[in-house]
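Labels run A, B, C and D following the written order; every chain starts at residue 1.
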């Protein structure tokens, strides 16, 4: 950490800061500049935050030098993490397709969708049973009943399943039905929930929050890992910006950068990122070109009767076309040898 | 709601949409324009969302006309809501000052602060026991122990208390100790938590999310109210923008607009909005000038030893000066007669 | 346009609005709803803006139905526009690579770069002579001298050239030296400059503003086209968001959507979008996968001596590798037949 | 400046960086940390930018310590700058009110408005003659004819005038008619225009750009001052955020912070910040409470016939009420002694 003193900081204030630094077992390096004095801290700052120093008299600002995440960092683990669910591998050589309806509406709907997306090439079945909805008057999902339908449909079609959990007290329940626990964007910093899924024995897919920085996203993953669950998949689903023509803005730079900073698999959700079915294919392809290792897509057998998010759902046949397009991009990316890619992108 | 058809929409698609609208008991009004056909919907759309129509073939977009919140709206209740906790009134003629440390660190710290902020003019004591922290390695609060200290300190100094609850399963516990339940910005759309505090018999202070629109904020209040708890206080605490010189950007327009749209009390948190103690006073004054009915401020007896957010904490004496400045502004605002203000600002 | 009346709007106010609408030669359609009355306007609204109606007593809001751009719209011209500069075609089947240094520093530097990027596969040479710099104390470019060097280097290497113009009075001068006039992001709404390049007889590359919506971007293109210059290329270069880990956020959804909304060619600038050389390749590939028809890249023979933006410049050999990667993606995109792509993405 | 090396940086890379630093006449201080090596630079970095170092092999990032602006800084001039136009003082003890229509539409309109706003208490007359409009088909202003009307109206009512200049080549023309040159938000980084008004002998009011940081805003002022024109007034007019309920978001924290960072006067424009006439009064009051030294307000004798921005214009009588409300706030702020305020807010 670098501490920048105020122009008017006194020698007594400098002394006080230096003594505090030493008291924490750190080594202070004072550099007297032309206009400002700065202090470099050497040692393990575990727990000490810039805001602590910014509260001290004479301090203008404190600038962290190191990223605050540890377990999620490539510094901790150089090789890509791979998450295996039955035959399905997330983070390996193949792009993983997660597909299904926004909300599970009935046994028929989810089963029909499961067979259809399986036939198109999806390997994981998604479907919401507990829905976080902006309005209390909107359809909130079928709850446990929905999870039962999802589990049945997944089994019937031979696919692992993923569904969102929104309440720490539901983690155990949801874990009984699904193969991957999803943390939604609105809950990315629901730390109680993160800790709880950190104790679960299921992989967790962590969506980036609407206005979360990449660092905050990795820190949220750190919460889960620090509780002992290392099976975390990151999902970029678009951030909130001033642009209103699309529902959100897919941040391909974040996908590329996350692939460099962390060993965890990174996937993308072009459905929520765009909110418009006609943009899902090009934006999904872009995510793969940027380094995404999977895409999660809303597919509904009849988008025009969907109880939620019909505007962004693909039909099964549109989804089948999407996979063809995505696989072409994936092939183009993969024809880089892994070594070349690493050399160029991870360093 | 207004449905705009695509340029190429066919007569059959138009018919299909019209029939669906009728099936939902609504009345369609078709307007054939020069370049586009639009359909106006008349009737109670309860539950029907724009995205449903946007998923239909031939539809370009669906534009809602009415705000989706009901109980929180001034349409539902014209007069300002008033929330009374013992002798303290939020939403009345007096500005309410909520003050205390970001985190409760010890019995001594919270008690010392309680007496100090009481003496300065605060009427509600704040202090965090369950802290939502970006890093799992940061101090997470004292938990129930902290709540005990807070309750003791509040009782000793004769002040009601407020503390954050971050897990639905803790609502009952926190309710036993504090007078007002706080929902933090990161949990504004933690719908399980909102429902849970909707069942509590304590007032709830709902902070606006970092990137929540005013409409989403009111919808979050609607969640709480729709469960039966009408004692909701809104708190604007700054939104996340591109600007990095301040921690967040206090949205005074949102304060002024919320005062018009809803009958619920609106307060502001200039500490989190700015992140810099030297900006807390002018920004707090601005909030009051915009219509805020209270301010929540971080006060720490020794900001330079605070375990979190020292940079934005005031000392008790700075806080005393702040109240003097705020009261001057409040007096200036109040010298408008209530009627004048309403005429000009609420309509 | 749809006009929504206030709940309390009177019959007299309604009458007044209806009469104004008729006076403008438009046809009003009044729909009396349960909670609000709305008026649909039919006819050519040329020049009439929502804000005009929003200033009238009794009006809550006015919602435009149609996009405000005309010449730039696919409604005006269905086929992709193609811009030809000598042998180089922008907007055709091939991805166009524009490369060169951020700033022209010397005859040697730009000439060396020209040969290098030409050898790597670039077809257009870029180089800044008039530099818009945040600080008045930063290097501002070589001015006309730089343009001479650029023209020489382009001629020597057999490449058309592009350079930025920042002052309306320089348009003629810059036009004498370069083949394409560049409008920078900070000048996207410099309407005097837009009009001036609208009179030039050279193609114009229009960068999207840092915080410009897609609609504003297309309206800026409309300014140029409405003056008679139809040779406009759009360039997405990243928007400003809350994320600070990358310089900007490349908006791939905007690329895909712009390809649908307008017939003008759309290219991307991954150098400014990311600000980090190690992200330029994956983000450039993502842009192509989303539908970009070209990429503009900063290439410097010695990035570590660049007078500006060294951090985001590629070396010539990194650029050569980038083209290989981009061409693979382009091949994957192109193996869609044009018809398939249009069917799926343009409709 | 602090340079942070990559984890893998070699001794040779470190040597190379150290030598470059020395070659620029600066003194390098190397601190070898546990996980990273950092180098502190001591000396006058004039012209040397972080991006130069970030382009060097082995460098992770370069962090500037000092603000890049000089002439605008309170470090350069401690006392508030005061700008005098005839009898009117901007930056002194009194709040300055600038009022008038968005666009000058006719001699009658601007003259009628001038008398009305003068009577209400305004001291400077505003009116747009060259209008930067998003659409080329919108009313673009009356040009020089409008300036004539404005000058006449100002003279008749005894008020200095302000109007926007959007083209460097018009600076001389506009200077002949008006007392203050306005630079609009969209031109805040139109550096050609900034340099040109830097040569004018009239005060300049510089609006903050829609997505400009406070630092970029001060750097834009620096452009004007570095050309020799020290009479610069800053105007906060709302920034662009994700919120759509208001036109922009007035950044009161920026007002308070700018008052600390710079000696230049700071005013606010609540009309453009909110876009809604019913929010102009509370938001204008908030700006004054935060430290604004003036407010610029759109006033139109008949907002419901305004050719632009009717929705945000006040009537003269609403404006008169606004001044009463603002003066009450100003009185409350001023009852702080200047010394107290400085002590608390400027340090």
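Methods note: a contact is a pair of C-beta atoms (placed from the backbone, for glycine too) under 8 Å apart; a residue touches a chain by one contact, two chains touch by 3 or more.
Only a predicted model underlies this, so the values are computations on that prediction, with no experimental measurement involved.
Set against the Cα centre of subunit A, the chain with the most distant centre is D. Taking B-D and B-C together, the chain pair joined by more C-beta contacts is B-D.
Centres computed as Cα averages put subunit B at a distance of 30 Å from subunit D.
Centre-to-centre spacing of subunit A and subunit B amounts to 27 Å, using the average Cα coordinate of each chain. Taking each chain's centre as the mean of its C-alpha atoms, subunit B lies 38 Å from subunit C. Residues of subunit B in contact with two or more other chains: 211, 240-242, 244, 347. On the subunit C side of its complex with subunit D, the touching residues are 46-47, 49, 51-52, 54-57, 68, 132-139, 166-170, 186-187, 189-192, 195, 210-211, 216, 219, 222-223, 226-227, 240, 277, 303-304, 306-313. By the touch rule above, subunit A contacts subunit D in their complex via residues 2, 4, 7-8, 29, 31-36, 38, 40-44, 63, 65-66, 75, 211, 240-242, 244, 347.
Those residues of subunit C lying in contact with subunit A across their complex are 211, 213-215, 238-239, 241-246, 249-257, 259-260, 273-274, 276, 278-279, 281-283, 285-291, 318, 321, 325, 328-329, 331-333, 335-336, 340, 344-345, 347.
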